[in-house]
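Notes follow once the structure below has been shown.
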Amino acid sequence: MEKINKNILNQVITLRNPVSYKGNYGKILIIAGSTHFGGAAILCSSAAVASGAGLVTVATVPEKFTAINTRIPEAMTIDYQNKNDLLEAIQNNTVIAIGPGLGISSVAKGLVKVVLKEATKNQTVIIDASALTLIAEEKIPLTTNAKIIMTPHQGEWERLSTLKIHEQNELNNIDELHKLNPKAALVLKKHHSEIYYQGKVLQITAGNAGMATGGMGDTLTGIMAGFIGQFGFSIETISAALLIHSYIADKLNKKHYVILPSLLIEKLPKYMASFSYENGHYLS
Amino acid sequence: MEKINKNILNQVITLRNPVSYKGNYGKILIIAGSTHFGGAAILCSSAAVASGAGLVTVATVPEKFTAINTRIPEAMTIDYQNKNDLLEAIQNNTVIAIGPGLGISSVAKGLVKVVLKEATKNQTVIIDASALTLIAEEKIPLTTNAKIIMTPHQGEWERLSTLKIHEQNELNNIDELHKLNPKAALVLKKHHSEIYYQGKVLQITAGNAGMATGGMGDTLTGIMAGFIGQFGFSIETISAALLIHSYIADKLNKKHYVILPSLLIEKLPKYMASFSYENGHYLS
Amino acid sequence: MEKINKNILNQVITLRNPVSYKGNYGKILIIAGSTHFGGAAILCSSAAVASGAGLVTVATVPEKFTAINTRIPEAMTIDYQNKNDLLEAIQNNTVIAIGPGLGISSVAKGLVKVVLKEATKNQTVIIDASALTLIAEEKIPLTTNAKIIMTPHQGEWERLSTLKIHEQNELNNIDELHKLNPKAALVLKKHHSEIYYQGKVLQITAGNAGMATGGMGDTLTGIMAGFIGQFGFSIETISAALLIHSYIADKLNKKHYVILPSLLIEKLPKYMASFSYENGHYLS
Amino acid sequence: MEKINKNILNQVITLRNPVSYKGNYGKILIIAGSTHFGGAAILCSSAAVASGAGLVTVATVPEKFTAINTRIPEAMTIDYQNKNDLLEAIQNNTVIAIGPGLGISSVAKGLVKVVLKEATKNQTVIIDASALTLIAEEKIPLTTNAKIIMTPHQGEWERLSTLKIHEQNELNNIDELHKLNPKAALVLKKHHSEIYYQGKVLQITAGNAGMATGGMGDTLTGIMAGFIGQFGFSIETISAALLIHSYIADKLNKKHYVILPSLLIEKLPKYMASFSYENGHYLS
């Protein structure tokens, strides 16, 4: 299993073209949150904004709009129960992340289905958390025209793949991913998380147990969405998103027993700058 | 095209008279925000407050009052759907900014019309975002007794002027602005933004691609409102507001890959102090 | 007119007795805020909390509870429209501040009247902002058993005293205060604010024009309430509260063009410590 | 009475196993908050999150969800008035803290009873604030299968034990605790707080009068819950939670006249790290 080198961050996080606009950095739709899980939508969309996404729209229940406006004034909101608004948003965005805090209601199930159905081949759909649980438990076929990235932790991957955790080795994971959708990318979150894509397997060596806290996965999903929106879908972009999440956490862990996701998010713009500048400056 | 020199900041951001009161620093009305775009109202009015405006009132939908109170306790709120409250606010404020996150509903259209109709010659109206779109699409005549500043980005200017982006050169812009309203000032947001006013054209050389993120325009509108409220309507004030926005962003960009508008806003009081103090101290 | 010396801060801000409890530091009731003026309640009660008040209860409209909980989880809330809750709160608190953002509705008028009527001689009532306007305009007699502190700015004092601003000199102010209520203390907010109490007149020389911004008066009221709650009613306590507000603002003004009230509030615990420690340490 | 040595912090706050997951660090249910006391739920659950709890769910009234989402996106929320949701949450969590800001309504009374009845021997129930008052005043028998920690201040202990404050000495406290529930642990909050458990009595010498402010007790309860969730129920864990709360407050008190609970909470991850690292580093 190939280890991901830190150089991937310098390679992916390129300096921005001075003549560019927010439209160049991705339009991200985050379908997340429900009455009991409002924080997941906040963390996921904050991470997308802080990672440099051009425009971020959060599709959630209206009762969460106030918290989202307060925490992330940079983001827009829509009600995912309004079908017209949702369909329009699916069409207008380049990256769609679905799942954090969504819950497993019939509304949530409908959202997963409509995203898989409506997303087109130029779009990327990131499937996380409740969306993965719904696909596993409701046997929703993982067929879509869009590019797919799944980001399960080991328990979610067990439900999706039917592989027990002790059976989740490289070969089995490749096989089961192939059965689910041979074109999908899999980010398997664990101690030293792994990426599976088209038979290739990569692994990070960063990460620490201070990350073992609620909301850390939602944060990764937001970074992943922001990175795909800016740097395009590729195994390199997926690797960089996965790595920077753990890389910042490792830096913070030197002085923090637990890494609060909101702190990690706050640090994103600075760490991203540090990697982009190793490629040279564009500031005159 | 004349470049705007950084000295304009020292010139415009004058030391305050020790014997002065909040009434001396402008009464600002921000007409902004709607169900799906609450954050724009927050960023715009935060920027007005942080830039030193004496009093800031946000006219928005009541469902956004909680987020505004939480983020900007320094601001007051009214419901823009309450006609009496709105008319009173239009009368009582010296600067009115309209558009950020307003949307293009019939309510929003009515707001643009009433502001243009009711504002008087001693007031300044700053027209941004959705308000510009409405003027273009609904063919609302740009006639008003107030002084006008429009702050479109290139796409919004295309809709207003019917000039394609590649046609947006100095002469064409002058011509089209003259047709829309010969007394209006135009702030054209782009790489190295430009100001058009009474045949004069100025340009900043500050700004960077880390500013290409949602909410950055709303922030400029708030600064513009705060500056006009404190320093009066003039091409110099407009230049200083435009420049300080990009100047702070350039400083932040040295260590931030993307500039979050809320961070830029937080830095306003310090950067403004640094320019005012070059003119001498009034602290004993 | 006697100038207030900075030593008053060392004298008033005493080290706390190690064996003491929150009940020793005052129970503060802040009656503030209304639909359009939610921020005033937040700033006033934040300032009371940060200045060291033992317990702070905010009486306001329920629609503001969320913003208050979010910004000041240390405070409790009640609905001032619930007469039983209000009367109980008036009885149970040692210091009552009324007015910031209250507005001039008939509800607000009723609140002012009930506080004046119900407060007892061991309590202090601080009257500010809308409460002062109501007393002036509705000719509410300023009679109460409680100790009173009024904190008008010059315009509010004009309405209360009928003295035009240019007539507001030492002798006239003493006379008019005597007519309103000979036992009341008056804090007249202006360039170099003044205190009038029982014929004595004091003045601070601190303060700066960067304080000329919305919410700065609400902040002073909160500090005043917190100080009276902890250090008892006296002209020394009033002086110290008035001075520390401007003292911190002067420190901040060295690096901030405008002083945001929320920043000043955040700095209170540190500046208070610096003065208390000049009297010695009690930490082993 | 044995003094608790600072070494207990190094002993309890162990380095985390690199191969571990949020499920290893406790599932915490905080039953707290009501219309008038929303902040207590925020402070208690923030403290649990910041102290490293794996997963935190706040059971409260739905009107507080927005403030909780905004302040602590890392936490989940349920409505404690929904009996099914509540029973499920009681079953699924390992540590249950009940009381901060709960009030003494009949709903609150029902919550205390159901927790005592439903909690099982592998769970820990922390009883604080309003829950203690209810047990005292409503004579709710303190019988349960769960492990119990009570965290009264002296006034609450008076109501529970019927011991006047001057009668609250070591022997009397042991006796009365034994009568209430011989297996319960008692954390008696006072100047130099004490722990009583199975006849053993321990005392901290940390703590200061700057902690005498609203919300400080709610914060301790959250830390206690987070510590039990991560480090297991033991007198050592209880001691460490009690001590770190006062230890951080003592550090902050050197520069803060009053210790705001929210500031103390923010510092938890750093102070916990400093103690864990004295045992060695696991970061490569």
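We call the chains A, B, C and D, going by the order they appear; numbering starts again at 1 in every chain.
Convention: a contact is a pair of C-beta atoms (placed from the backbone, for glycine too) under 8 Å apart; a residue touches a chain by one contact, two chains touch by 3 or more.
Molecules present, by chain and UniProt name: A, B, C, D = ADP-dependent (S)-NAD(P)H-hydrate dehydratase.
All of these numbers come straight from a predicted model, not from anything done at the bench.
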Rounded to a multiple of 5, how large is the rotation, in degrees, that superposes the C-alpha trace of chain A on chain D?
90
Between chain B and chain A, is it the same set of residue numbers doing the touching on each side, over half shared, or a different set?
different
If you average the CA atoms of chain C and of chain D, how many Å lie between those two points?
34
Chain B and chain D, separation of their C-alpha mean positions in angstrom
48
Give me the residue numbers in chain C that touch at least two other chains, ranges are fine.
66, 70
Among line, ring, star, complete and other, which best matches the way these chains touch?
ring
All pairs of touching chains, please: list them by chain label.
A-B, A-D, B-C, C-D
Would you mind writing out the residues of chain C in touch with chain D in their complex?
13, 16-22, 24-25, 49-56, 62, 65-66, 68-70, 72-78, 85, 268-270, 272-273, 276, 282-283
Residue ranges of chain C touching chain B (in the complex, touch as defined):
35-40, 42-43, 46, 63-64, 66-67, 70-71, 153-154, 191, 208-210, 212-216, 250, 253-262
